[in-house]
C-alpha cells in the first residue's frame, strides 16, 4: 500500500512519532525506536548536565531518526519562543513541537498563549507543530496562523486515558487542511487505532511505550495499532447497525425435526 | 514472541478466526484468509444447491485452513444438535461453533437453549465452542458443562458496534478456565485490539472484514488489531491516571526571561 | 399528569420501588420511604432472630407500603421456589421478586435456573417479578413464561455503576409486553433518570439510597430522577445532532463595526 | 434544604437558567418559565423588527424573572463588547452572557477572542458570564480575568448530546473559585442531573426545553434533573464498585433442601 | 432431636410448631412469620396442631431488610 | 442618507434618534431598546436631542428570544 | 413420494441415498456433504445401500459461507 | 559574577562562551548544544569570540529525553 505521510513537505515512512521521555535506559529507547519504525522523535531542551554520561543526540543519530525538539515546560509564549530558537540552533532544525502549558497538574495547553507563540514562531520561519487541546476552533486558528500540523490531545500527557472526546477529534479532522496528529493520552493499542480510524494522520506517543512494563513489546503493539487503524480507515469499515445482520444465510436451512412431527 | 494459542488441545498460529459469511466472491475470501493469517474459519451448513458453481470446502482446503462448522440459523437445542451432527459427518471434525439463536432481529443467543445444546453435544463427544451472550454466569455454566471455549458477543452479529459492555467481558475473562473468544460485534481494528487488551484469547470476525469496502485491506487491519492488542496485553500497559504525568523533565529548565527582569 | 403505573393489575402511585437493605436504622428507612413516595418495598426472608428488637413488617405497615418479598440469597430454582412459598405464607402476598443468583462475587442472575424458577412459580399462582440480566432474549422468555414484569439489571447489585449497556436495555423495552423495571446498578439521580428516559416503567433502588451519606436526601434525589426521567420520556426530547443548532436567531444582527469601516 | 445559589453576589432561588430561544409561542415560553421555577432567563439582542407583535421584555417582566442578555451571533471580541454595551443600555443590567463564536457549524467559542472580550468587559464594569469550551485552562484564565462565573459547554448548542467529556468538566469544577454553569448540550433530564452531580452550580438550558415535543413538560423534567442532581451531589453518593455488594444479608438463610438430603 | 433454624434442640421431639415458635419468642398469631418443616411450608393455621417428629428440620422465617 | 438597521432612509438627514425610532414605531421612552450610532452606544436620555448626520449608521436593537 | 431438501420427488420411492444425491449432481464420495433421513444422520458409508422409503424426509447438506 | 545555568560563577567575567562551555565539559564544536545570553540566542559560530560581561545570565542547553 502506497500511503505516504507528508508533514511540512517531508515524507515520513511511519505514522508513529515517538516521544523519548520516560525510557529507563538509552538502550531501551534505541530498541523501541527500532520496534516502532518511527522516523521522527521528540526531545526536550534542558540545561547541560555535566554529569550526564550519554549523548541523547548521538543515540538518535545512530538510530537514523529525525529530531523534533519540543518546548515542554514552557508556561508562556515568550519562554516557548526562546526555547524553540535555542532548539533550532542546537539541532539545526526549524521544526518544533510547540507546547505552552497552562496548568502544572494536568499539563493542558494554554490556548491564547499557544496561539501567540505559534504566530511568532511562524513569523520567525519555524515549522510549527503545536500541541493543542481538542478544541476545533483553536485547531483552525492554529492552522490559519500557519502551523504545519495540529496536534490535539486525546487526554492529559501520560494519563493513558485514551481519547476522551472522539467527537471533537472528528470535527478537527473534518475541517483540517494540515495533518492532524494525536498527541497525548494514548495508553494502549486500541487508543492508537481509534485515533487513526477517526482520521488522524499520525499519532505521537511517549509514556504509553516508555513506561510500559515491557517498552519494546509495547512499541510493537502501538505500531500495530497505528498501522491497523490507518488500514481500517482506508479499507472502509462497515456501518454501525442497531440490530444484527446475519453473517450466515437464512435460507437453505435444513428441516431437521423428526418426520412424524408435522412442520409448518 | 512465543505466544501459542491453544484451543481444545490444538495449537493455532493465529488468534484471529475468520467467518466466511458475506464475502462477495470466493477469490476475495481466499485473499482475505491469506491476509488474516488465520488457521481456522467458520462455515454454515445448508442444503446442497445444485446450481452452486464453487465448492467452498475445496477453496478452504486449498487455503490450508481448518474448518469450524457453525449451527447458525438454529433456534432450538434440537436443531443445533442435529446440525452439529450433520457437520461432523460432512467435515470430519467434532468441533462446532454452537449457535442457538433466540431472536431474529438481533440474532442474540437463547441462554437456556444454548446450555441444553452444549450439554448434549459435549455428551456426544463434540468439542463445543458456544456463541454466547456477555453474561459471566452463563459463560461459567457453559465452561462447567464441558465447552472447550466460550465465545461471548461484543454486540449483535454484523452490527459493528464493538464491545458494548467491556465490564462483563472483563468478568468473563477473569473467571474463565477455557479460552475466551470474542465473537460478533467487531467493526474495526480498535474493537479487535480492545478485545485482546481486555484479555480475550482470540477474536472471531466475519462481517467487519467481508462487508468492508475493501475486505482484504480490512483483513490486514483487523489482524493488526488482534496482534497489537495481544502484544499490548502482554507488554503491561501504563495505568490510567486522572491527571497528567510529565513526559519531559520539569527540572533543568533554562531561565529565559531577559536578564533585567528579576526572576523569582 | 395522569400517568398511572400498572403492575400486575395494580396501580401504583410511584414508579420508584425501594429496597430496604442497607439502611443503618429503621427510622432512616421510614424517613426514606416517605421521601421517595414509594408504595412498594422489598424485604428478604431470613430465619427469625430472637434477638431482633424491631419488627420490619410493623414498620412497613406503619408506612403504608406494600411488601414485595424477594428470594435474595437463593442459588437454585428449588431454593427460590421454597423461599417464595414461605414468603407468601408469611406476608400474605403472592408477589415475589425472584432472584436466583449464579455468582457470589457479582450476584449476577443464573439465567437457566431463573427461567425454571419463574415457570414453577407462575404455575404455582405467583405474580413473578424476576431480577434478570440485561439479555433481551431471556427477558422475553421470562415474559413468555408468564412473569408480570421483567427486572433487568443496569450493573451488579450495590455496584453503583449505573446502566452499563443502554443498548440492551433499549432492546428489552422495545419488545416488552410487561413492565420493565430497572433493578440494580443505580448509583445516583442521573442513572435513575436515564433508565426512565430509555423507557423503563419503574426503577428499583436500594443501596444507592440506603448507603448514601445522607440516605433521606438521596431518596429525594433519586425520586426526582425517576420522576424527571419519566417526564422527559413523555415530553419527547430533541434529537441528538452532530453539529449545533442555534438557539438565538442568526438574522437581525446589528452591524456594529465603525461607520468608516466598509461592511460587506 | 437551605442551598442558596449565589451568582455575582445575587442569590437565585433556582439553579436552572432558561434560554428563551426556540419557543414556538410566547405563551409557551411563559408557561415553561413557570414550570422551571427559574429566576434568570437569557435574551439575544437584535434589530428592532417593526412587525413584531409582542414585547419579549414585557413578557419576561410579567413572569418576574431577571433578564440576562447574551452576545449570541458575535464572532469577534469587538462585536461582543459593543453588543454587551447595547444590552446594558437597553435592559439596565451589567450582566452579560458572553458568547464569541468561532465556527458557524458548531457554534463553538473562539477561545482567544473570548478571553479578550472578557477582559474588556470586566474592565468596563460588566458582570461577565462567559460561554466557554470545556477547557480547564481557559476556564481558569477567564476566572482570573474577573469573570463572575464560567459557563462551559457539554456539547454544541442545540445538539442535545449531553456532556461529551465529563472528565474536563470535573477538572473545571475542582479548580473553580466562581460558579460553574453548564451551558449548551443538555438534551434531557439525565444530562442536567449529571452536570449537577459532577459539581456544577447551575445549568443553562434552552433548546432541550423549547424544542421538545412538549416544552412545558420538558421544563418540569429538566427542573427535576437539576434539583435531583444537586440533591444527589449533596447527599453523598455510594462509591462505584467493580463487583457487587449485597443488599440483602447473606446470613440467616434458611436451609430449604429436603431433610433426607444431607446438607453440608 | 429436632433442628430448628440450624440449631439442634433437645427434648422437644413431638412438640408442635407453635411450641417451637414460642421457644423463639414468637407467638402463634405473629404477623410476618412462616414455617417450613423438612422443606414443606406449613400454613399458620396448622401450627398449634402440627407436631414435629425427631430428626425433622424446622425453618422459621420472617422479613429482614433486603433489596 | 442615513442607514438605519441596515436600510437606507432618505430625507431624514439631521433627524434625532427619537425621530428615527418613531419611524420604526418605537416611542422614545420604550423599555428594552438601545441605539448605537456609528458603533457608539447613545444613552436613552440623549435620544430626543441627538441628531444623526448624513452618512451615519444607526442600529436600534431590542431583546429577541435567544439562548 | 420422498421429500428431498424440501421438495417432493416423485417416482423415487425405494431409491438409495446415493441415488438421490446423484439426482442433485452429487457423487457418493463427495467431500463436505452429509445426509439426514427423518432427522437421523446417515453415515456416508451407508449411502449406497440405504434405501429411502416413501414418506421419508431427506436433507442433504454441505458447507456454505457463514459466520 | 556571571550566572551560568542558574549558578553563579566567580572569576569568569569577560570569559567567552567557549570558555564557559569548556568549564561545563563541552567543546566549542559540540553537537546538539545551544547558548543564550540574557535571553538572546548566540549562534555557535560566535562562541569563541563572544565575551560575557559581569551580571550576565548564560543558559547552555542540550537535548534530554522528553515527550
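By written order: A, B, C, D, E, F, G and H. Residues from 1 in each chain.
Just so it is clear, a contact is a pair of C-beta atoms (placed from the backbone, for glycine too) under 8 Å apart; a residue touches a chain by one contact, two chains touch by 3 or more.
None of the values given here were measured: they were computed from a predicted structure.
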Subject >> Steps needed, at minimum, to go from subunit D to subunit G via contacts >> reply: 2
**OP:** With chain centres defined as mean CA positions, report which chain is farthest from subunit A.
**Re:** E
Original post:
Among D-F, B-H or A-H, whose interface repeats D-E's (more than half the contact pairs identical)?
Top reply: B-H
Original post:
What whole-number Å value describes the gap between the mean CA coordinates of subunit C and subunit D?
Top reply: 28
**OP:** Measure off the straight-line distance from the CA centroid of subunit E to the CA centroid of subunit H, and report it in whole Å.
**Re:** 94
Subject >> Whole-Å gap between the CA centroids of subunit E and subunit G >> reply: 65
Subject >> Of all residues in subunit F, the ones touching two or more other chains >> reply: 5-6, 36, 39, 59, 61, 64-67
Original post:
Taking each residue of subunit B in turn, which ones touch at least two of the other chains?
Top reply: 19, 21-22, 44-47, 49, 70, 72, 82, 86, 106, 108, 157-158, 161, 167, 206-207, 242, 246-249, 252, 254, 256-257
Subject >> Parts of subunit F lying in touch with subunit C, wherever the complex brings them together >> reply: 5-6, 36, 38-39, 55-57, 59, 61, 64-67
Subject >> Residue ranges of subunit D touching subunit C (in the complex, touch as defined) >> reply: 1, 19, 21-22, 44-47, 49, 70, 72-73, 78-79, 82-83, 86, 105-108, 156-161, 187-191, 193-194, 196-197, 206-208, 210-215, 217-218, 220-225, 227-229, 231-232, 234-254, 256-257
Subject >> For the subunit D and subunit F complex, residues of the former touching the latter >> reply: 19-23, 29, 42-50, 55-58, 60, 67, 69-70, 72, 82, 85-91, 157-158, 184, 204, 206-207
**OP:** Spell out the residues on subunit H that touch subunit A in their complex, using ranges where they run on.
**Re:** 5-6, 24-26, 31-36, 39, 41, 43-44, 59-67
Subject >> subunit C contact footprint on subunit B (complex, rising order) >> reply: 102-103, 106, 108-112, 115, 133, 135-138, 140-141, 155, 161, 164-165, 167-168, 171
